[in-house]
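Heads up, the next two complexes both have chain A, just with different partners, chain B and then chain C.
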Partner chain A sequence: MSEVLNRVVEYSGKNPYACYQCGTCSAVCPMVRFMDIPPHRAIRLLQIGAGALVLSSNTIWICVSCMRCVDRCPRDVAPGVVFEALRLITLRQGIDKLKYEEIPNIEEAPTLAIVSASRKLTG
Partner chain B sequence: MINVKMLYYPGCTVKRNALEYEKKTLEILSKIGIEVYELDNWYCCGAFYSLAKDDLMKHISGLRTLIKAQVQARKHGTNKLLTLCPMCYNVLKRVNHMLRENPENLDTLALFMDEEEKYTIGIEVLHLLEVLRDNIDKLKRLVVTEVKDVVVAPYYGCTVLRPREIAFDNAENPEVMDNILRALKIEVIEFPFKTECCGAYQSVFNRKIVFEKSGEILEEAAVRGANIIAVICPLCKYNLETTLLSLGKKLRIEIVYLTDLLSRATGP
Partner chain C sequence: MSSEEPRVGVFVCHCGLNIAGVVDVKKVVEEAKRLPHVVHAEDYIYMCSAPGQELIKKAILEKKLNAVVVAACTPTMHYETFARAIEAVGLNRYRLEMAVIREFSSWVHADKKKATEKAIKLVKAAVVKVADNSPLEPVKSRTVRKVLVIGGGIAGITVALDIANAGIPVILVEKTPTIGGKMAMLSETFPTLDCAQCILTPKMAEVARHPLIKIYTNSEVVDVSGFVGNFKVKILQRARYVKIGDCRLCGFCERVCPVKVPSEFNRGLSDRKAIYIPFPQAIPPAYVIDKANCRHWVDGCDKCLRVCPTKAIDFNDEDKLVEEEVGVIIVATGYDLYPAERLKEYGYGLYRDVIDSLQFERILSAGGPTKGLILRPSDRKPVKRVVFIQCVGSRDINHLEYCSKICCMYTAKHALIFKERVPGGEAYVFYIDIRAAGKGYEEFIKRVQEEFQVNYIRGRVNRVYRDPKTGDMVVVGFDTLTGQLLTVKADLVVLATGLVPQLPYELASKLKIPFDKYGFVQEAHPKLRPVETVTSGVFVCGVAHGPKDIAETVAQASAAAAKAMELLYSEYIVKEPLVAVVDRDLCSGCRVCVGICPYGALELVEGKAKVNELLCEGCGACVVACPSRAIELRNYSTKQLLEMVKAVVK
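Let's look at the complex of A and B:
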């Protein structure tokens, strides 16, 4: 198993190898059109040892953990949970994705937008 | 009327960005005989449930809130914890659920805490919609005026319906809010975008996504003849409103909290 896949299994408790590429996750994903790599392909890339491609894509940062794919996945691969593990691979190195000085209208943004973005996009 | 008691967890956003939502909600609840006790010295619930399996520490804020509720549950004689914000509901209910499924996690989490008592997993986390649903007959009796010229698209967002184990309605076609509005004789449209994602916290990271996602929701509601979108979440409201502003005056539609509509129907 590749290093990325090892980490994914350890952080998420999910098994990407169980995926049989039905594509349900990509079909139900509300964010798929903004992603470099759709969820089912991201899982396939993990299976063939190309996890680095997924790590460097915008896919994992576009996902907002709405849990649609997680509820629908017939194999309990739960791409939304796998993506959290992939985010953590970067965030746990101390690399933050959210730049507070670039937030538009930070004074008006609801507190929960800032707190939840911090939870998902910073370590 | 026999009053029902409930503890109440407001969360950060209700107190900073949605005071009107809180005010109208508490008024309605008091009219249907629900006594609400806000938790003392509450703190952040965590806003987003951590999905990492190997990092329980991220659940501490949720657990601390539940323990706080447990302490005050004894004082007020109720184990029900009411939330208005769907994100607070989502996090607290999932932490509760996770602990119920894996009680051994409590021992690990206890290692991070000093003064708090042990959590006995006895708090019941409720969302406002559930409470209104269970009191729909009382709500009906409160109606004093017909709310005229209003056609509502009910909009639920994601976090009260997903994941499955914490949902209180069908995630594909929820009807709780539709039924509450109809019971108060408010006109409701069939709205297939009722659970479509508004873009969530992308409003502070990649705003274009929010404008596109929320824009579709607004346009669909308008095409179907709605002039109001009823919401329960301060973040959905913010995203829909900022998108509406970005569209100029193209759409005649207003984003309103559900309880604001209820209070229009039930009078002052």
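Let's look at the complex of A and C:
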């Protein structure tokens, strides 16, 4: 198993090998049109040891954690949860994906939005 | 046991390298020779082979052995083999024990020394046991040469005809007012596309006129007792309110009946009356009154009675409880479709133009609600574009974990018939994998794709909704092969819903047959005993056992028929005599054993417990429960078991 996959399993408790590529996740994903790699293909890349491609894609950051794919996944691979694990791999290296100084009018932004963005995009 | 001194022979099998690769068989033989009562021991590469069996026979005769231990595989595997061998030279088969040194030693241990020690201990235990085994005779009982078949689908019909044609009487019990099952609802059948009714209704008619088949429709089995060869069953026959022999199917009653309810046979796509016949070729050929919806019991309506020319209607008809005795029971209760409304995203139950697969079969049927024209249910507009969604419920841990096996094929069939009937029509199929492994099946799929140009999309559907402006259905799905999100407009959406079993839990427990984890009947062995259940004399066939198509259902039904006939061929059922025995002097009549016996084999006779040897399975629950220690298992006496334990721990 590749290093990325090991970590995914450890952090998420999910098993990407269970995926049979039905594409339900990609069908239900509200953000799929903005992703470089659709969710089902990201899982496929993990299976063949190409997790690095997924890590460097925008897919895991575009994911809004709506968890529709987790609800509907017929094999409990739960891509939404796997993506969370993939984000952690980057964030735990101390790489933050949110630069507060780049948020326009941060004083006026809703607190809730900032809190959830911080949770998702910073380590 | 017999009064003569035990003279035990021990035969140690190598099982090729299966045993000899780990266990030192020579050492086992040497040790065995030293044991009390043992007068002979030897080893051989395959004890179960003909020369191996000859060794045993020869030793019995030459050394005058009166008991035998074979140290080899398991009794399940080869007890019968060795029992027959020793019987051939005059020994009683219960003077044989097997020491399981393969499964319990060589296969599960790597340390050769310890594995050998364990094998020796197992042999020691078997020797002390066999020395004290009584010679026994099998328990015998007469069989009732009659078969009960539960379920009148194509499985039940086939099994009933096979058995009755062999001269054995059959009782066929069907829950609904007609036999035929789901097959009667189908249009044409894959892979050859013969019309279902054309191949089914002649068989139904054959059942009806067969002198050896008695049909109970509107009926259910409510109680089962007894055992293989001697089952007693109670059948609840619900009142039909129409006398079967008198009804001429003129249909006057139906015309005057004021009540309309959705037709089960057309799966709600048309209405029927409160007095109805499910379909014109139904067997028995007679109308039936649906009491729950009939107005007679509300306001005394008797319009049907007044027009019936043969006075076949009888509002005083009553439910009847019928008792029958049979030797064999065959379960053929078939399936239902998984409730598609549980997959909310597809809108079944919400939109009339989203239908399930059996509804589409009815639409395609010449005798169906649209006479075979493909019209959408909401406004009867001809369908030009149809979307099929496969794996609805199946292969999904949120619904049915298993593959329903036949949906790939029936969906391909649906698409083909649609394209044939609607020139210029478009058909889309959302699928995950196409499973078409039967004979001629792959070719069928190829034809559908190539010749009929059905659009197969490998992916799943997000949701189905109605376009409020056009009234069309809209299907949003994903094509995993191109990575495209697709939106397909359609007049009709057909859901390939999975198959679920129909056998109720209560009936299964009365029959003492286990379910698999999905509620299908568990077969006794998945490969070698596919139509038997663990309860002797109860067999299963058709979709009750697991999803399958008609060809496979029929093959399995004939297999079950053959098994039933095998059992009923001889006049007697023979059973192992390794059962519980009560010492009447010790029994206090406290009834503890009666309550604890899972097989209902114990009863109190003249104040003392008595074992029905035909029902007793020799589980030993009563032996342990008895506070007076009045019960023992034959050849598994407490004394024997303690001696075995001592032999092992010494």
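Here is the rule we use: the second predicted complex is superposed on the first by the 123 of 123 C-alpha atoms of A that agree within 3 Å, B and C clash if a C-alpha of one lies under 4 Å from a C-alpha of the other, contacts with A are read in each partner's own complex, and residues count from 1 in each chain.
Basically, contacts are C-beta pairs under 8 Å (C-beta built on N, C-alpha and C of every residue); 3 or more make two chains touch, one makes a residue touch a chain.
None of the values given here were measured: they were computed from a predicted structure.
Bringing the complexes onto one copy of chain A puts chain B beside chain C with no clash. In the superposed model, A:H40 lies in contact with chain C only, and not with chain B. Of the two partner chains, chain B is the only one touched by A:M67; chain C is not. When the shared chain is aligned, chain B comes close enough to touch A:P110, but chain C does not. Contacts of A:S56 after superposition: neither chain B nor chain C is touched. Contacts of A:K120 after superposition: chain B is touched, whereas chain C is not reached. In the superposition on chain A, the chain among chain B and chain C reaching more residues of chain A is B.
Legend: residue contacts after superposition of the two complexes on their common chain; A:V32 is shown touching chain C, with no touch to chain B. With both structures placed on the common chain, the touch criterion links A:C22 to chain C but leaves chain B unconnected.
Of the two partner chains placed around the shared chain by superposition, neither chain B nor chain C is touched by A:N6. Vertex at chain A: the C-alpha centres of chain B and chain C lie 90° apart in angle, rounded to steps of 10. Of all C-alpha pairs linking chain B and chain C after the chain A fit, the shortest spans 6 Å. Common to the chain B and chain C interfaces on chain A is no residue.
Within the complex formed with chain A, the residues of chain C that make contact are 345, 391, 395-399, 432-433, 458-463, 476-480, 483, 485. Every residue of chain A that touches chain C in the complex is listed here, in rising order: 20-24, 26-28, 32-33, 38, 40-41, 72, 74-76. On the side of chain A, the complex with chain B involves touching residues 10-13, 30-31, 34, 61-62, 64-68, 70-71, 80-81, 84-85, 88, 97-98, 103-106, 108-117, 119-121.
Residues 11-13, 16-18, 44, 46-55, 58, 85, 87, 158, 162-164, 171, 196-197, 199-207, 209, 213, 234-235, 238, 242 of chain B are the ones touching chain A in the complex.
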